[in-house]
Structure formats: structure tokens, C-alpha cells
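Just below sit the structures, each encoded as C-alpha cells.
Both complexes shown next keep subunit A, but they swap its partner, so subunit B is in the first and subunit C is in the second.
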Partner chain A sequence: MFPKPIEKQPRAAQITYQAMLPIALLLWLGPLLAVALFSVKPAADFTNANYWGLPSSFEGAVNYGQVFFNSDMPRYLLNSFLITIPTVIGAVALSCMTGFALGIYKFRSNLWIFFLFVAGNFVPFQILMVPVRDLTLELGLYNTKTGLVLFHIAFQTGFCTLFMRNFIRALPFELIEAARVEGISEVRIFWYVVLPLMKPAIAALSVLIFTFIWNDYFWAVVLTQGAESQPVTAGITSFNAQFRAAYQLMSAGSIVAALPPVAMFFLMQKHFIAGLTLGAVK
Partner chain B sequence: MHSIYKRTTAALAMSVALAVPAYAELTGELRIFLDTSNPAPRATMEAMIDRFAAEHPGLEIETTVIDREAYKTQIRNFLTADTPDVATWYAANRMKPYVEAGLFEDVSDLWAEPEIAENLASTKGAMTIDGKQWGVPYTYYQWGVYYRKDIFDELGLSEPTTWEEELANCQKIVDSGRACYTIGTKFLWTAGGWFDYLNMRTNGFDFHNQLANGEISWEDDRVKQTFANWKQLIDMGAFIDNHQTYSWQEALPFMVNGEAAAYLMGNFAVAPLREAGLSDDQLDFYQFVAINPDVELAEDAPTDTFHIPANASNKEAAREFLRFVVSADEQTEINNGSNLGQLPVNAKSSVDNDKFLQQGFNMLSSNSPGGVAQFWDRDAPAEMAKVSMEGFQEFMVKPDNADRILAKLERARQRIYDN
Partner chain C sequence: MSAVDVPEQESWFHRNQQRIAPWLFLAPGLLFFMVYVIIPVFQSFNLSLYEWDGLGAAEYVGFRNYEDLYWEWVDRDAFYTSLKNNLIWLILYLAAIPAGLFIALFLNQTVAGIRLYKSLFFFPFVISQVVVGLVFTWFYDPTFGLLNEFLSFFGLGPLNVLGDERFVTYGIIVAGLWPQTAYCMILYLTGLNAVDPEQIEAGRLDGAKGWRMLWHIILPQLRPATFIAFVVTIIGALRSFDLISIMTQGGPFGSSRVLAYYMFEVALSEYGFRMGYGAAIAVILFLIMLCFIAYFLWSMYREERGH
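Moving on to the complex of A and B:
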């Protein structure tokens, strides 16, 4: 199933691999590098069509200074954290419980309820746009961080439940039976037996959901407006002036906005990769 | 003692406009919504509001700045619920939906005050619907031809004033291997600027307005004449190639690099052109040439405005704020080069000592007898503006399709204005 390691390939294949890898990497990272380059350019470079050359002067300090001290960017960043963290906690907490219920108890319609959660993942979320907006308006949650958090929790719980239920299914059922024989209540089994075993799954899922929610743009634009509630992904567009798009500031803002999930990825790399594969094994 | 001192300083700080009505101390809350979300204009507006607040210590002012694009959709919400006392918007047809829905306060009383009536006459038309005024302007800017003077000098050209001179100039520029005009029509509105000028020069301001209001057929011979004039330029290669792929900003490098000699644009093009290294010796401005000598010259000068929502709660303070905004001193201050860098709306204000602002101010105050238009996408209803600007763009790429495009616009007109 796995490809043969590159060291065991014929010499020609090894050389091709070594030659192609940097090219592929450059293609892959090209747009990112361009954004990084744009973020240290002066505005004049865009009017001079100096899109890909070296910056005519280094304006990194100026651009990033503008982003941090002369715009709503810090506010947007704070909003992002205030939206992402409660969502992660909420979605993971709920899915631990639903996963436990669906993974441990055998009752009629167990599978159907599970399918219901799974099916939610297959709904293209764009079709929910208008109803969800109307719903948040009716509930008075339009343009609030709470509204966004509640929606994200509701929507992410589907995927999280799938993930958690499969993980709990894979746990040795004997542990739970042993606990039941000891006469321990179900709540305590959940809390003292299952939850500690779920720690790797919780870590992996938290990292995954953090990046999902942080990078969300669609719902941020649909459900919130303005600096008091919008997260950073939507806030970047505020660098579009009445007349001009400040490409250099947008680039600097994008880099800043991308840092937390990237940092999260590097710090929690192990969990992240575990997260991508955990749900796959039953 | 304290209060006397306060009143004296306030009186000193007060502009002439404010000195007229003797008012009681304003109290309560004043909520102001702004769409000036970018750092520089935002700082300008906030500084202005601070000066207003200093004059009215009894007033509790709350300012909300909303991203300019988001503002355009949010205004529908906040004019009906949770309404501010003052809100920014745009003049002419762009305010019409809110005026007709009864969401903007009639401020004709302000315009009747001599201070405003005498000094803001040039923009009164843009603020008037059904004979009443619905807000006050706070800034506007000119449109016209920004050109590379050094290229004109090299080719021995001078600023044209007639269509024949324009065509002769352009032929020489094309012969020298350049394009006469840079333009980026990717976002359509730049082509709307060309249509504004060509149609206003061919058929006049009133005709142009009637067309924007759907009163004239797009297949009228006079409209066809406008497009015939346009086609002359297109056919001779006056515009840069592939303009439909550029935004207006992406079209700037052609002028900076000398591949194109001029740009029909608003005054906001000057700042990036200067940043890119063009000196004021290289860059100059002229008014769009006359085409039909029988029609008066009219100009595009988009105007940004302040309004009082009909549902506002502190209209007295809001009116005072509007008076403050249009006062000669404030107009001089907020429109100067270090702030908005645009034209003041008050005739008693002084214009920044900037070459282009000076020329624009002179042009609009003395050489625009036909009237002042707001720009095609503000004058025509939104739906018609969109369809027609798509047509203009297509026409600029495929000028031979003119008849088919005009037929399509005519069908759109019958559909859009009927409702």
C-alpha cells in the first residue's frame, strides 16, 4: 500500500525526485512567498508594476506598524480568538458526550442518529446561508460573536461526533464492562474511564477545529459585520480603501492572520497528523 | 467664571457658520456612523468629531466606523433599527432609495440658512430630490484627463480643447508607439467614466440625466452618436490592449512607464502616480475636451455626504453637526492635502495649494456651466448601471458590436424602469 522508499528506487528515479521536489515546493509555496514579499513593499511598487521584483525599499516595519497600530487588526485578531476558542471547547465537549453515547450504548436508532450527524457533513454549507442568517436575525444574534460561535459549534459537532464515536468504538469495551461490574455510575465511567483515554483524540480534534474555525471566511462574512464582531479573515478586506486596494497592508495583515494557525500547526504537529488519520481507522 | 471662560473659547473656536444661530447647550447622545474606514480619512473624521465635541461638552458622542463595503449593505439595516443620528452616504441617485423610503430626514431648513444657501450652491443640485434637500456634502473631487506632460512636450503636443485637437494629438501619440489612454475596465466603472464624458460632451448634461433616468431610448440616434465618437478613439488604438483584465490600479503602471500618455480618472489617481515617482513637472491635468460645441461643458464630481436618518433620536444635535461639517473652516481643514486631499464644498473655504486640486476647483467653479454629475454608477439606478457598464466594457473590446449592445441595453431599460 505504501510507496517504496525513495532510497530503494533506481538512481534515475531518485534524481528525478530530487530535481522535481524543489520545483514542486516552489510552485506550492509561490503564492505564500509572494504575499510575504508584498507585505514588505512600498505602495509605489504596485503603481510601478514591480509586482515580482525585489522591493524598491524595505517597508516591512511601516506596513506591519500600520497593521498593528493604525487599523482595527488587533481588534479583529482578538475577535478571532474569542470566536475560535469557545467554538473549540463547545464542539469538542459536545462531541465527547455524543461520541460516548453513540459509541457505548446499544439502542435502537443508534445507527440512524449517527448517520444523521454524518449526513450533516455532506450538506454543502452554502445552502444554509440564507436560513441561518434569518435565524440569527430572529434570535437577535446577528452581528454578534455569540451567534457565530453557536453556529460553528452546531455545525462542527457533526464532524466531531463522527470522529469521537469512531475513536470510542476502538477503545477496549472490557474497560467499561469492568467498571460497570464494580458498580460505577455511567457518568463516572465517562468522566474517569473514557475521558482520560480520549485525550489524544481531544488534542487532535482541538487542533483541527481551531484551524477550521480560524480560517473560516464564509460565515464570518455572512453572519457578522464590522470590527466589533468580525474575525480577522473578514477584517483583512477593511484595507480596501474607498479608491485603492492597499495590497501591501492586505498582505501584511494576511501574514499576521495566518500566524496563529501556522504556529498551532507547528507546535501541535503530532496531534494534527494524528487528527487527520484518527477518524479514518474504525 | 468658569462658564464664561468656556463660552469665550467656544466662540473663538467657532466658525462663521456656527455663530449664526444662537443655540442652547446641546445635550444627550449623538451617534455618528462613518464609512471612512481607511486609516487616513478615518483619522480626519475622528479629529473633526473631536473638535465638534470640544465645542459641545454637554454632548456624548459615539462614533462607529464601518468598513466602506460592509456599510453599503448595513445601511439598510441601521436606517430602520438601532438608528444613528448622523450617517455618511453619497449624493444624487444613490440616496434616492432611502429618500423615497422616508428613511432620510428632510434638511431643507438647513439649506435655507443663508450661510449654507450662499456657500454650498454648487452641490445643492446633487443633494436635491423632489425640490427638497436630504443631507449635506462634505467632500468631492474632480474627474478629468491626467496626462504625462513630458510625453506631450516630447511630441510637441499641447492640451487639447476640441475633439479635432484631441484626435490629432492621439494620432501622434499612437504613431510614437504609445497608447493615448490607459484604462482598466475589469471592474467596469472606469468605462462608465468614459461614457459619462463622451455622452455629456456629445449630447449635454440634461440629455445624460434623462438617459440615466430611463427617459430616453438607448437606440436613440444621439446615443449612437456618442458611441460613434467613442469608436473613433477605439479604432485608432487610443486605449491600451487587454484593459478588461486590469483594475484601475493595475492600469496605472502603463502611465508611469510611459506606455500610455494619459488617464481619464478621478483626482484620487494623483497620489499613487506621485508615489510611483512622477513629479509635478511630468504630470498635468486638463479638462475633457468639448465635442459638440452646442452643449455646455459638464463635469463628473462625485460627492460624499452626511445625512440625518428619519429615525434619529437627537436631530437637534445632528443638525448642529451638519452645520459644523460644512462650515468654511472645517471644510478647509478636512479637505486639505494632509487630510482628505479633495475639494471643499464651501465656496468660502480655501483649496489646498495643490496643483491638481487648484485646477479642479477652478474647473468646477467656473468652467462647468452645464452642471455637475455624480458619476454613472451613482446617477443611474444600480441595476441599469451594472448592465450598461458591462455593455460599455464589451463595446471597448468589440466596438463593432455597438448595435447589438445598445439593443440589449434598451431591453434592459424597458425592464428596469418599468417597475
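Moving on to the complex of A and C:
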């Protein structure tokens, strides 16, 4: 293990380390803790320039209540879920199949198609912006959740294919050989042999794509407008315009908007990290 | 797969299924990806040769949009500022890699509660960039921001980071480095887990420690992690849009624009709907990215051949 385990070092070093951990964490998360503090302060604290002191009264319930019952925030949150969940299902389903095709079969264009997915996944969004917006307009899907979902599924398929294909490559190929010898059809091999083994990859990708899509801002701005279809990342700008200078509400709103992927991360930490490292770092 | 149920077809399908199956599995994903990603890239190339407001008829203008990028002095200024800022982003964003490694080394211990510490350090990456942008806008705020509270403690400031053309881009990059460093940290933490303990022991016996150990024994084993950290950081730097849009909207006086933001501004905002001109900017950004994409693919290709 590197660096040298702290247990094997002098007592003084151990104590210093233990003391430094919380301090470093506080510094690292400082800006975020500030927002959390803002979100439970009463409005009066800001007019009295009491920014960093203790809240003169604890108004968390009032502020968050305002966010949930007196703004468009619940609508935006619902939109975010209605955009994110179908995207996760769609992208994972498509990439299970593309990953299977590219991971199992040997054919001449295999590597080229794989590289097409990888390269497409890296292009800047701006080069897709105008054509994708036009396509969405033509399909009559501009300013709908469906329009956003379709694009997200397509784009995320690139990354998901990269991940799935590499995962399937690492599976024992003998299983598939054996199944073929038994005369099992390819579709059944996919469904009964490979898919059950892909569960960890499916879990990892689902968590990761959930976070990516939830946090998307660019496409939300390009393809939607207005509370009926905008997700929370885009909605929060309108929310902030509505509550301009009401720092306690803007803070509470931000925290609410950030929470679902955070919860996802803490619940599914192991899968999340496996996904982030693209399966390349074991 | 209803075709499979027909007897004669089943036998034909059965005989050829290993050749056909991959295409059947690829079809839906590849079709989607073509329609929404690959074809639009070419459409944008084509569009960059036209002048189009998004509604009326498009007029073919050849390379005039590119000439305009170069000549029109008002826009040229904006274009060069964006290009220059993109370069600054690219270079400074790479600081996330050593910073992430540093934090990973700091946290790679087995004391009580370290798992929770690792998760909390990773926190900034999970949060939307929109929220990160808001958080840092307040952090820099000249009247109450934590940064200025801190500076005034030393008798300095106040400093209006986001309102000053000299600092604004750096200020936004620091905000971007926060989640990016967390990402690199997690890559290295996972990498450090897999470092071969026997090699470390062997190194220790040879008297290597500290920097020498890190450089000669640990870093070579972290190469896969470093490669991914490099890829995601470069892509992240060139994709920077959310933070700029939230924190400054390209200001003050357009001094914090990057190509990604400038493109959006000319093509799709109150500043106008110059789709062709926007597409030309996007093409330039794409070509910059393409250099890196080619390098990544080449590395992957060598890896594939190696197997």
C-alpha cells in the first residue's frame, strides 16, 4: 500500500493525520456548506448583512416549504425524473445489444463501428446543436420531454456501448462457445447467457447515466423552454430569476435540485465508481 | 423476431445467424446514434457554408463564415477571446490530474471512517454544474462571498473576481476544477487499490521511498487511471459551457467566453440566430477536439492490437 500506512508511523503522525482529515474536508466542501447554511437562514439575516453568523432563527422548514409548495420546483423535479428514467432505460437497453454485438462477434467492420461510437461520444455538443434542434422541431418534439429523451438516449448510447463492449469482452468466452455447441440460438444466448452476467455493468451504467442526464443543462436549454417540460437544471435559472436576491430560497432550491444524484451516489456507491472508471481500472 | 417463427426462414436464419445476429443487435442503437450524432456532425459542416437565420431560406456563401471569423473585427475579437480562453481552460484544467492524485494519496489510508471521507471528497462531482456555478458565484461575491471574507482577514480585497476581465476566466476554471479534481481523485483511488503490494515491498527493500517510490513504482502502475483522467479532463475542458452560462454569461464584456459558449450565443440567443456562423465556430471547436479524439482512438487501437 502506498503511501505507507499511517498505523505504522509514529503516534504523533497518526494524530496529526486524524486531525487533518476533518479540516481538509471542511475546506474542500466549504462553498457547499455555505449554501447549506444559507438555506436555513431567515430572509432578515440577509437584509441585516448577517451572512456568515449563526442563523438568527432556524427557518429551514419555511424555506424548503416555500420551494416545494410555492414555486415551480416540484414541476421541474418531476420533469427531471420523467426525462432521466426513460433515458437510463433506453440507453442501457440499446447498449446491451450493441455491446453484445461488438463484444462477441468477429466481423470486419467491428472495430470501426466501435470507434464510431467512441468518437461520437466525445464530440462537442455545439456541432450537434443546430441539426438536432432542427430535427426535434421537424418531429414536432421541440419543447417536449420526449424530444429531450430521444436525443439523450442516442447520445448516451455512445458511452454506454464503450462500457458494455469492454465489459462483455472480459466475460469468459467459453460460456458462449458451449452454448453454441448445444445449438442454442444467438438471441437466446444473449438473453439467457450473457444478459444475466451483465447485471453489474447494467447497475453501474444506470447510476452513472442517471447522474449525467439529471445534471445536463446544455440540451435542456437548447431543446426545451418553460415549466411544462424543462428539467430542474434549466428550471433553477427561472426559479432564481423569480426569487432574485432571496438567497435563502435560491440556496434551498439548489440543494433540492442537487439532491437526487447525490442520494443515488450514496445508495449505489460501489456501482457508481465501477462505472466512472469505465471498467478499465479494476 | 416474428420472422423466426416461419419454418423455411428459420432454417435460413439458423444457418446464417452468426453472420446476421450482430447486425440485428446493432441496428437500433446504431440507427439512433447515426440520426442524432453522426449525421448532425456532417450537417453542421454543410451548414457552416450557408447563411441562415433558422427560419427563412439558407443562402450559400462558401467559406465566408470562416473568413468572417478571421476578418470581422468585432466578431474577430470575440472569436479570438474565446479561442484564447479555450486554450487557458485546456492547460489549467489539467491541474485536476495532479490535484486529484494528491488528494487520493492523502486519503489512501485505512483509518476508521475513511470510506465516508472518500465519498464526501467525491461529492462535488455528483452535483450538477449549474449548482456548482451558483455556489461559486456566491463564493466570489464581492459583498459577502467567503473568498472576500477570507481576504479581508488578511487586510486584502475586496476582489470582484467575476466582474474583472483579468480574473474572470481563472475564477470560472477554479470552479470547474473543483468537481474535476474529485473525478480524478476517485480514478486514482481505484487505481491505488490495484497497485501490486509486492512491487512496493521490493521497492522499499531497495531503499526507495517518498517521491522516488511514487515516480518509479507507483505512477507507472497508475497509467490506466492517468489515461482516463487525461481523456475526461480534456473533454471536460473543451465542453465547458454550463459554468460560464451560469456564472457570467460570457461577461464582463465577453471576456470569459469560450468557443462552446460563443457558438451558442451567436446561433441561439437574444444576440441573434446566425446558424451558419455558429456552425462555423462549432466546426472549429470540433476540429480542435478531433485532434484529441484521434489520439484517444489511436491509443485504444494500440491497446486492442496488443491483446
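Definition applied: the second predicted complex is superposed on the first by the 250 of 282 C-alpha atoms of A that agree within 3 Å, B and C clash if a C-alpha of one lies under 4 Å from a C-alpha of the other, contacts with A are read in each partner's own complex, and residues count from 1 in each chain.
The criterion applied here is as follows: a residue touches a chain if its C-beta (ideal position, glycine included) is under 8 Å from a C-beta of that chain, and two chains touch if they have at least 3 such contacts.
All values derive from a computational prediction rather than experimental measurement.
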When subunit B and subunit C are modelled together on subunit A, clash or fit: fit
For subunit A as apex, the angle formed with subunit B and subunit C - C-alpha centres, to the nearest 10 degrees: 80
Touching partner for A:A49 - first (subunit B), second (subunit C), both, neither: both
Residues of subunit A touched, compared between subunit B and subunit C (which is higher): C
Contacts of A:T16 with subunit B and subunit C, given as first, second, both or neither: neither
First, second, both or neither for A:Q66, with subunit B first and subunit C second: first
Which superposed partner A:G226 touches (first subunit B, second subunit C, both, neither): first
Touching partner for A:T237 - first (subunit B), second (subunit C), both, neither: both
Touched partner set for A:A245, first subunit B, second subunit C, both or neither: first
Partner chain(s) touched by A:A257 [first = subunit B, second = subunit C, both, neither]: second
Minimum distance between Cα atoms of subunit B and subunit C in the superposition (Å): 5
Footprint overlap on subunit A, comparing subunit B with subunit C: 49, 237, 240
Subunit A - residues contacting subunit C, complex: 1-7, 14, 17-18, 21, 24-25, 28-32, 34-35, 38, 49, 51-52, 94-95, 97-98, 100-102, 104-105, 107, 110-111, 113, 115-120, 122-133, 135, 150-151, 153-155, 157-158, 161, 185-187, 190, 211, 214-215, 217-218, 221-222, 233, 236-237, 240, 247, 250, 254, 257-258, 261-262, 264-266, 269, 273, 276-278, 280-282
List of subunit B residues in touch with subunit A within their complex: 36-39, 41, 64-70, 73-74, 247, 249, 252-253, 256-257, 266, 268, 271-273, 275-277
In the complex with subunit B, residue positions of subunit A that touch it: 42-44, 46-49, 66, 70-71, 225-227, 237-246
Sites on subunit C touched by subunit A in the complex: 1, 4, 14, 17-19, 21-23, 25-26, 28-30, 32-33, 35-41, 43-44, 47, 54, 105-106, 108-111, 114, 117, 119-124, 126-131, 134-136, 138-139, 144, 146, 149, 178, 183, 186-187, 190-192, 194-195, 197, 200, 209, 213-214, 217-218, 224-225, 227-228, 235, 238-239, 241-242, 245-246, 259-260, 263-264, 267-268, 275, 278-279, 281-283, 285-286, 289, 292-293, 296-297, 300-301, 304
